[in-house]
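Two complexes, one shared chain (chain A), two partners (chain B, chain C).
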Partner chain A sequence: MQSLTGTLMQPLSESLSIAAPELVLALGAMTLLMIGVFRGTRSFVGLSWGAVVIYVIAGLSLLGDASSAFAFGGLYVADDYSAFLKVLIFVAAAACTVTAIPYLRRARSDKFEYPVIIMLAALGMSMMVSAADFLALYVGLELQSLAAYVLAAFHRNEARSSEAGLKYFVLGALASGILLYGISLVYGFTGTTSFTILAPLMSAEPSIGLIFGLVFIFAGLAFKISAVPFHMWTPDVYQGAPTPVSMFFASAPKAAAMGLLVRVAMEAFGGLADQWHQIIAFAAVASMILGAVGAIGQSSIKRLLAYSSINNIGFALIGLAASTPEGVSAVLFYMAVYLAMTIGSFLVVLSLRDTAGRPIDDIAGLAGLSRTRPGLAAALAIFMFSLAGIPPLLGFFPKFSVFLAAVEAEMYVLAVIGVVTSVVGAYYYLRVVKLAYFDEPTGEILPQESNVNGTVLAVAAIFCSPIGLLLIGPIGRAADQAALAMLSF
Partner chain B sequence: MVEAIIFYMLAAVVLVSGTAVILSRNPVHSVLWLILAFFNSAGLFLLLGAEFLAMLLVIVYVGAVAVLFLFVVMMLDIDFASLRAGFVSYLPFGLILAGLLAGELIVAAGAAAVIGPPAGAPPTPVLTSMAGISNTEAIGALLYTRYVYVFQGAGMILLTAMIGAIVLTHRSRGGVKRQNIARQVARQPGEAVRITKPKVGEGVEL
Partner chain C sequence: MEFPILSVMILLPLAAGALLLLLPGDEAGKASTARWIALGTTLVELILGIVLWLGFDTGSSAFQYRETVPLFEPFFSWELGIDGISLVLIALSVFLMPICILASWESVKVRVPEYMAAFLLMEALMIGVFAATELFLFYVMFEGGLIPMYLIIGIWGGQNRIYASYKFFLYTLLGSVLMLLAMMYMVSVAGTADIPTLMSYDFAESAQVWLWLAFFASFAVKMPMWPVHTWLPDAHVQAPTAGSVILAGVLLKMGGYGFIRFSLPMFPDASVDLMWLIFGLSMVAVVYTSLVALAQADMKKLIAYSSVAHMAFVTVGLFGFNQQALEGSIVVMLSHGLVSGALFLCVGVVYDRLHTREIAAYGGVANVMPRYAIFFMLFAMASVGLPGTSGFVGEFLVMLGAFQASTWAVFIVCTGIILAAAYMLFLYRRVAFGTITNPAVEAMRDLTAREYACLVPMAVVVLWMGVAPNIFIDPVRAPVADIVARLDAAGAPQQQVELVAAPGTTAETVPGASR
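Our next item is the complex of A and B:
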């Protein structure tokens, strides 16, 4: 790995070639925007597929030399860790772009800006996971958040959607402010914002100001992954936002913010693990309990999935609390499987429409799904069993690996609470399956209207089914390699 | 000596105009007093040798923010008299809060003077050869070289904000008459002129 000081004299062309994925996304988003501006709304479908092509190109530009490299004077780092997360982000963003087409058309919100804003958000997330400096971190985070606020209010004629956008904006701006305040404290007490320069300064006895800064930074990032006690916005925003947008919120930004949190914790504040360990452990326990208990009383499917995402973030945080390479690898593995399960569950919600063509959001609407739409019910059952962590479905294995990492780090209490809450959580996942399979149908449900959505849904279902176990080896190895690349600083 | 005189002059004007902002009855006058306060603060920055900040203050705050305030104040029909109705009854409470804050500031400043500067690593200068060039040049040299990545990232944020504002507010209304220059230019005399022969004592029907 090259040294940080060497990058100050680095030519710009070299930096640009290291940051190729971001370059592709930025130029791609601007090209799509120009096409959309001149051709208008009718280019919506074409632009969505164009966006997928750009994600593929950006993904391909991740290939190449595998060694870690700094760019832009140490603001940006490209390593296996960022590459792993970028693949997740691009796949999720592409899936959320094309599967939204039928929904947005029906709701008359099929504006060409949708794929463009998703791509700008993906650019921000990609900058987040590659950030090696608090400045770059903040800029990436803000880019992603700003795009997300707009997406939440995308159905501007609907009061719920506008409310979701406003709520997300106000709380998100507050969280950004808290994060920025923490960054300024850390900068003030250490004199640097670079992770690599910060890391060796952390071994000494930390000052109170530094710890304050650390707490504020973790609070700001906990908001972005919606960990308890910074989760309040999640159910309201997921319910109010258009369903494809909720699907996007629950998938890619979660992975990006999680990746960012792990990098900040392990790389910049690795020496202060004793200090942040209790914060993460508390957030993990609280998220698992509240996610499991809060979901029980919900009658809206989207709210239920929001609580499910809070619950899952709690499990993933256990891996970070272990603060070992195995723990980091388990977090990455968890996020990869979580993305597939979440996108799949939301796709099921997307394809639920009553005879009048209106989207169904009530859990009671799932009753008897196995008789009206057997294929969809089977997919739903796979996702729910997988989210509940029941073997032999794929969802069991990431849970197992985070618990294993916690046990190896001798955090037995955390592991035990995790197992108990996953049993509590299983109740509401199984209730959904029971409704779909054992209750009398209350109404007709229209068939899938788009082959693309059906295909993505089928792929996600197969990935989460026992067939997906074949992929555990490659994903696990990639996650191990990514964790080691990040920790070798 | 001259610097001290200029400082006190600028500082006095800032204080007076700042007080006038909250005391003047007419909101438009308040905004104008605010602009005066901004200009004089810019003068204070100049005294400190921070000419870049001074320029920013004038361009951003006077040029954009204050003018925006002025637009908002003039466009919104707010009854400011009713907003001020409870001023006297709130005055004692406000004075107590202000006194508390002032006391805390004095204690904090005194404590800081006793303790001295905080311990910790001094900030690491990024570029060492900064002597002899102006602030603006130094910021420019860093902004477009070392921090070009963040700078471009900020550009993307502004682009996103712009797209977002348009997506959320732009409506294409029907029945709007737009100028079509090509059609105007292509118009022939035959379409535009009509020759009539009105009889004496009768008007023209248009």
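Our next item is the complex of A and C:
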């Protein structure tokens, strides 16, 4: 790995080649935007598929040199850790782009901006996970957030969508402010914003100001991953936003923000693990409990999935609370499987339309799904049992690896609370299965309208089914390698 | 490379189950094909089970038929192997499965392919539980069984099936997740997830108690022991007949198997220290659940409560810490698997005709169904523990062994046998004897060929086990001896049963004494 000081003299071309994925996305987004502007709404489908091609190119540009490299004077780092997360982000963004086509068309929101904004968000997320400096972090985060605010209000004629956008914006801006304040405190007390320079400064007795900065930064980031107590926006935004947008919010940005939080905690503040450990442990416990209990009374599927995502973030945070390489690897593995489960569950929601073609959001609409749409019901059951963490479905293994990390770090109380809340959580996942399988159908459900959605759904379901177990070895090893790459600073 | 018979036994039903879900054709055609495929698969499994037994070296306590494929590294690996205890329980599973399929031949009418697929999945997971020699593989199989059973109860169950399915799922899940944490701790301390290695690993005594309690939480619920048994009557009553047979026949044995495979050999010190807890709970269970059984108006519920009482015999035997008691426990498990399964089948037979499980709706059944009454009588007597049936052998050995550990416990548990006679005979009198009061009973046909096919093999094995139990005890003798040696080393009360063979007592009926 090259040294940080060496990067200051680095020619721009070298920096650009290290940051190739972001370059591809930035140029791609601009190109798509130009095409859209000149060709208008009728280019929506073409642009969406064009976006997928760009994600593939950006993904391919991750291949090649595997070792860690800094760019732009140490603001940006490309290593196995960021590469792992970028793959997740690109896959999720591509899936969210193409599966949204039928929904947006029906809602007459098929505007060409949709794939472009998603791509800008993906660019922001890509920057976030590669940030090696608080300023790069903030820029990436803001790019992602601004794109997300627009997406939340994408149904601009609908009051609920606009409300979701506004709510998300106000609370998100507050969180960004808190984060920025934290960064400024850290800068004020240490004189740097670079993670690599900060890290060695953390071993000494920390000053109160630094601790304050740390707490503010963690609070700001907790908002982005919607960890309790900064979760309040999640159910409202997920419910109000168009379903494909909710699917996007629940997937890629969660992985990116989680990756960012882990990097900040382990890399920049690794020496202060004793200080932030309590914050993370509390957020984990509170998220698991609130996510599990809050979901029980929900009648909207999207709200239910929102609570489910809060619950899942709580479990993933256990891995970070362990603050070991195994823990970090467990978080990465968790996010990879979580994305598949979440995208799959939302795709099932996207496929639910009553005979008039209206989307179904009431959970009672799932009744008897196994009679009317057996394939869809089977996929839903796989996702629900997987989210509940029942072996031999894939969803068990990320939980397994975070708990294993916690037990190895001797955090038994956290682990016990975790497994008990997973049983509480199982209750509401079971309720969904019960509706789909045990109850009699109450109405017709229209067949899948798009082969693309059907295919993505089938792939996600097979991945989460026991067949996916054949992949846990490679994914687990990739996560281990990514965690070690990040921690080798 | 040897023929991987255990893997085949696990994967064959899985493949057949997947095939059933993909069957083409119309509803009726699919149902009929699904039935035959399921029956064929389970019969092949039975044959494989027999091959397994014939090739097994009964004299050794080592794990046999070992297979290791590092398929799911770094999470867990596919490691299989069986010792005598696993062997007899696998044999029980593969024996009961074809009977379950036959029992649901006509009574299940909706979604037949899915039903049969769920049963085949159950079979694969049950064999997996008994054959896994890797801690986390065991857990995956152990927990995986929840999903098909949840669906079986919830989709094909009775009136109150949804409540029962939730209760079954959440109760057992809560027990198991604590066990999962204990397993993680064990692996992080011992550095291996290999069960045979862990069986001889000495954990620190202070840790043992916690680990033991965590495993206890899981196995006590599965077993089920009083006071966490309340899911069982609900699940039993609401499940379809074949579901009840599998629940009582095999799933409950997972608890006992867990105690004997994990709690006793891995945490011998804690087992010795906490013997009082098991004895106390078992004593309460025997008396309380027997009395509750006496008061039931629903046939399935009565048998369900009797199951809890019988399982208490198993736990008393397991914690008697000597050869006779442990062997007795395993025989009680096998015998209960057969007998309670058969009793549920008997209930199923009359339920299919009258569509009620109310005892009061019957009466005088022996007049119209004499052949059925004979089978029902045999199984009721086996449940009571009449000499000559399998029930006697196990209960006698348990009490013989446990008497050395605690005379009081055996005294109390003994009353369970008397109470069992009371509730079973009372049940039998009300159902089979007396005059026919319900006109619908008049029209009931006697057993059909299919029902004979279910009940005759059960009856044969129950009598076989009652008359010549050694065939069933031989495989478990060596592994049990190892466990007892480990428990003795941990300071279990030394008791050598000096049973002088009295005239007329043969080694057949008192196997432990012949050693």
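Definition applied: the second predicted complex is superposed on the first by the 489 of 489 C-alpha atoms of A that agree within 3 Å, B and C clash if a C-alpha of one lies under 4 Å from a C-alpha of the other, contacts with A are read in each partner's own complex, and residues count from 1 in each chain.
By definition in this document, a contact is a pair of C-beta atoms (placed from the backbone, for glycine too) under 8 Å apart; a residue touches a chain by one contact, two chains touch by 3 or more.
Because the structure is predicted, anything quoted here is derived from the model rather than measured.
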First, second, both or neither for A:Gly473, with chain B first and chain C second: second
Partner chain(s) touched by A:Ala26 [first = chain B, second = chain C, both, neither]: first
Partner chain in contact with A:Met128 - chain B first, chain C second, else both or neither: neither
First (chain B), second (chain C), both or neither touched by A:Leu404: second
Partner chain(s) touched by A:Ala58 [first = chain B, second = chain C, both, neither]: neither
Touched partner set for A:Ala147, first chain B, second chain C, both or neither: first
Contact set on chain A toward chain B in their complex: 8, 12, 15, 19, 26, 30, 33, 71-73, 75-76, 111, 113, 116-117, 120, 123-124, 127, 135-136, 139-140, 142-143, 146-147, 149-150, 153-154, 156, 165, 189-192, 197, 201, 207, 209
Sites on chain A touched by chain C in the complex: 385, 390-392, 396-397, 400-401, 403-404, 407-408, 412, 415-416, 419-420, 422-423, 426-427, 430, 433-434, 437-438, 469-470, 472-473, 476-477, 480
Touching residues on chain C, where the partner in the complex is chain A: 71-75, 136, 139-141, 143-144, 146-147, 150-151, 154-155, 161-162, 165-166, 169-170, 173-174, 177-178, 180-181, 184-185, 187-188
Interface residues, chain B side, partner chain A - complex: 118-124, 146-150, 152-154, 156-157, 159-161, 163-164, 166-169
